[in-house]
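The following pair of complexes shares a single chain, subunit A, combined with subunit B in the former and subunit C in the latter.
The block that comes next holds the complex of A and B.
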């Protein structure tokens, strides 16, 4: 059993470490709460463009030297802006840890944000926007979020053509100065490291980081409604958005387990009814999501145009039917599935670092895998069925994408 | 350091185990050499349809009871047919291991293949085909393989509409009888298990499995040529296919490291030249692939129509430029990157089980991570540059997908 160690530096940066003594590698995630939710309306896509621009040189190194330095340390990196935050993740061999942290400190505290790279940053953002147009499921689910939230949570991470084209280096630098900072950010580390060493190195490299990050805005929703995107595709895409309980809520894991009964494994209701029995869909899912203080459930299916209406009716029907409760066998299967997933996620330093960073951001505390497992085990049949009796999933936002008017 | 333990059962099934004593979970992969390469021309898609059909009931259990039984053991499963083989992978908690193996033995040795599920299996296959039509990069890369191979390696895993529609339960049962069997198949296990226990359980549950599996066909290629798919997309997709050295070849890791210099990290040539300097593409990659006895390199880029020609020229140019060799710094960065990836893959029981199964299929032996690492470390600057001097990457097959005639 490994317990995460937490520490808040004087500048407000929160550091959390989960040691995995058996692990010859390590991973970290730096979470900076800068995302689409804090993009000003006339600067949609700013968080995402900023993340790209940061890599164009930092501290004493230009873009190329910076990339060379990271690659010379064998760093496998992932980074990107999302709805609420931007994450910078890296996996590496422990001997390079201090040098890598120093590079990331340069990236976040001393980026060059050079004028001469700005046009290529914008060109990339426009390319990404075009690529989404060619991915019907992603396009529909992005629009679904936009239709459901009236708060900035619906803003497109990638921005829109107009705001990307209007962006200037000055505007983006202003966004960096206003929004990047230590207070509110999180450094989470998992792997073959000593927590004291990590906290010492965090203080050394990030101790002088100043500044604050934006507060999370409150969630507001539109009224549930339907919308259609007409596009000449082979398959019709269907998306539903339901309100759900927020992270930290007493019923949070009851709801998670209900979603697993609906869509967790081969024996899940959606898989069985829509795919196995009727062959209506190749892919069908109901996936819970959350932002700070708010939870939602997104259901998705792709099907042939002539099956679209039946598929939508069945999807709505199965989610409605949850209010009649689940059986003991369904709950037991959902629970062991969720538990197995938790235990198996413990293998991966990358998954653990990302989960710890998100925990601190969403819940203000890091949980061990065992803590989460205990919350899952605590959900009794009575408890989940009392929760479902209240009909928690109702009145969805409904979106379709496909050729012509395929859905009434 | 963990060394895989190998054993061949009397029926020819090869079992390989990599113990990870620290791991509270485990994963296994069963590889059966049944894939698109052994689909008869008039039964394209048979291997893929079979894999779906197997799940429709096995041993004493119907489809639903079978799914319930696996989910009740908390199994996280993945399975699917590919070019050369079908894999059945599962991750789970060790206490359920024997019961899960017994279920998989039923699946592979006693499937019910019931008539009444056949139509839904075919409907799923047609849905999958339609979904690929809506994914331009996948569609192009599938076609690229089809254009390059004249041997069955080019056959589409998902089949084509005509063969799927003509398939009958009798035909598919015949394919199962002819192609599924113990000899040639592999069971690979990684995680918190004792190798002796695994081999005992394998013998118990799979010892009575009979039959043989198809021999891998020899690779044959067409002459390099160009092709175009006209489709109304936002982005133009570009794909290149190059011959490469086969797995087990003296220069295999020299070639892998050359591919990493081209496309391995932030400082890689394609990322730097096409994305960072010019903003031509959001995604660009050159990814080595292999089948038994043959290696290839696939390059991919997505870009705006008015940049397609420049992007293609640069892609071709960068790959051509490899023949001038790489610098010591490039090699060092590529090598530590590949090494870090190897070490980090050792965290995941699922990744290790899959890699071991593939090793046994492709190379006839399982390698430890340390064995692979040693092969990577062995590639000196002289060795890689001598390899590249021979201009190993030349005369590509070139495919484009996009609106109208975007590329000369």
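The block that comes next holds the complex of A and C.
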């Protein structure tokens, strides 16, 4: 049993470590709560542009030298801004850990944010925005989020053309100064490391990081409604958004397991009814999501125009039918599926670092895999069916994307 | 890591069974690697390998399609299958106690029932899958470019087939293809993770005893790439998508490690040469390069996407970089960085049993030998600049096909 070790530094940075003694490598995720939710309305896309700009030089190094320094330590890295936060993840061998943390401290505490890179950062942002037009499912699901939330949770991570074009280096620097900081941020580490070493190194490299990060805004929703995007695609995209219970809620795992009955494995209801029996779709899913303090369920299907109406009716019907409860066999399959997924994720340092960082952000505490498993095992048939009887999944927001008037 | 052992055996029916055993792993991954894919399809069979991959999950003599889906889920299996030009792979990962049951299930699936109603439903699903990819310009480009690059060579064929070929496919064609290609000699059963070898081997022997052996030959016609540049309008693209394809090395060629490092130097998404020229400058949204290895040949591929307004400049800059690479070769420092980065990724590729299974099974399917991740790492770390520069002497990129899919109004 591996228990994550947590420590909050004096500056408010939360550090969490899950040792994996068998692992020759390590991964970490630095989560900074800077995302679309804290982008001002006239600066949509700022968090995303900032993330790109940060890599254009930090501390004493220019962009190229900075990338070379990380490469010389063999670091594999990903980073990106999302709805609520920006993450910086890295996988490396333990001997380079201190040097790599020092580089990331430069990145977050002393970025150069050079004027001469600003135009290319903006050009990149505009292209990322434009590329969404060529990804119909993503386009629909982004819009669905925008339609459902009236709070900033609906704001597009990529921004909009007007705000990107109006952005200035001064404005973006101001966003950095206002929003990047230690308090509220998380450093999560998993792999072949000693927690005491990690905490010592975190203090050494990030101890002098000051600043506050934005508070998570309150979630507000619009009234459930339908919308349509007309686009000349081969397949019609269908998206549904349902309110769900928030993370940390007593029924959170009952709800997760209900989603697994709906869409977990290939014996799940949506897969069986829409794909296996009727051949309506190649892809169908109902995926639970959450932001701080709020949970939701997003259902998605893609199908050709002549079967769009039947597919939408089936989707709505199957989700509605959940209120009649699930069978013992369905619950058992959902539970073993979720448990196996947990155990398998424990093999990967990258997956664990990301999950720990998110836990600390969403719940203010890091859970071991065993803690999560215990919560899943705790959900009995009575409990899940009592939860479903309360009809948690109803009155969805409904969006379609496709050619012409295909769905009534 | 030091606890890894490799086992291999050939069953009397010709099926090869291999395992990389790691007693510290929390899971077991296993899979059937069938040496068959789109390149083995005859005229009128376009897409049949992939269609068959779907039908494998649709029931057997003993199991209905529903039984199959239910049983996988009862084990909490993480499982799937994929088909490419040369291989069809069925794989899954489970907690160790379910490994025998997973093996039993997959082994039964290798002889599908081909039920008529399931076949018709699956045809509709595959037509939806084809429609889905029509909406993704990146995919459309890769299929078109591959067809253009390989021309009359069998690697030109589309893995999914076409809407027409799938609409006309018959159940009898599938049965015939299955009996030609799914023969034990043409398959490898691979395991990775925490398992008992003797138990698994005995089970595999018992479950595949009645499989009929046979020969599944494959053609390797000669191939010479024809360099040219193609612009094609696509009405569903709002951005531009481009690839460069140039001759590389096969999946068993010793040069493949150097070719992978060369691709990393060129196309690493954070620090490759092309990143600095195209993405750092804001000319393109993204650029990558990789080395794709097939049975008798390989292909360097450079992929780029971005603003159509920059097409000409992006194309020109890539050509310039490729020429510079061929003329001046690679530098020691960038080689060292690329080597270390690949070596580190291999450590992380070794974390999960499923990822180990892919390395094990794919490599063995091509070479017939076990190659530990540590061994790959050593090969990579021993490379010197002359190994990489040697590959550039043939000027591979001077033989490149350049293919662009652009918004209709930019053609």
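Here is the rule we use: the second predicted complex is superposed on the first by the 408 of 408 C-alpha atoms of A that agree within 3 Å, B and C clash if a C-alpha of one lies under 4 Å from a C-alpha of the other, contacts with A are read in each partner's own complex, and residues count from 1 in each chain.
To be clear about the criterion, contacts are C-beta pairs under 8 Å (C-beta built on N, C-alpha and C of every residue); 3 or more make two chains touch, one makes a residue touch a chain.
Computed from a prediction, not measured in an experiment: that's the story for all the values here.
**Student:** State whether subunit B and subunit C clash or fit side by side on subunit A once the two structures are superposed.
**Tutor:** Subunit B/subunit C on subunit A - steric clash.
**Student:** Once the structures are superposed on A, label A:230 by its partner contacts, choosing first (subunit B), second (subunit C), both or neither.
**Tutor:** Neither partner.
**Student:** Given the touch rule stated above, what does A:377 touch, subunit B (first), subunit C (second), both, or neither?
**Tutor:** neither
**Student:** In the overlay, answer first, second, both or neither for which of subunit B and subunit C A:343 touches.
**Tutor:** A:343 contacts both subunit B and subunit C.
**Student:** Thinking of the overlay built on chain A, is A:386 touched by subunit B (first), by subunit C (second), by both, or by neither?
**Tutor:** neither
**Student:** Counting contacts the way the document defines them, which residues of subunit A are shared by the two interfaces, the one with subunit B and the one with subunit C?
**Tutor:** 22-25, 27, 56, 63-64, 67-68, 70-77, 91-93, 119-124, 126-128, 130-131, 133-136, 232-235, 264-268, 271-272, 275-283, 302-304, 332-333, 336-337, 339-341, 343-344, 346-350
**Student:** Using the touch definition up top, name the residues of subunit A that touch subunit C in the complex.
**Tutor:** 22-25, 27, 56, 63-64, 67-68, 70-77, 91-93, 117, 119-124, 126-128, 130-131, 133-136, 232-235, 264-268, 271-272, 275-283, 302-304, 332-333, 336-341, 343-344, 346-350
**Student:** Touching subunit A in the complex: which residues of subunit B?
**Tutor:** The contact residues of subunit B facing subunit A are 22-25, 27, 55-56, 63-64, 67-68, 70-77, 91-93, 117, 119-124, 126-128, 130-131, 133-136, 232-235, 264-268, 271-272, 275-283, 302-304, 329, 332-333, 336-337, 339-341, 343-344, 346-350.
**Student:** For a test of understanding, state which residues of subunit C touch subunit A in their complex under the given definition.
**Tutor:** Going by the criterion above, the answer is residues 1, 24-27, 57, 65-66, 69-70, 72-78, 93-95, 120-129, 131-132, 134-138, 235-239, 268, 270-271, 276, 279-285, 305-307, 333, 336-338, 340-341, 343-345, 347-348, 350-354.
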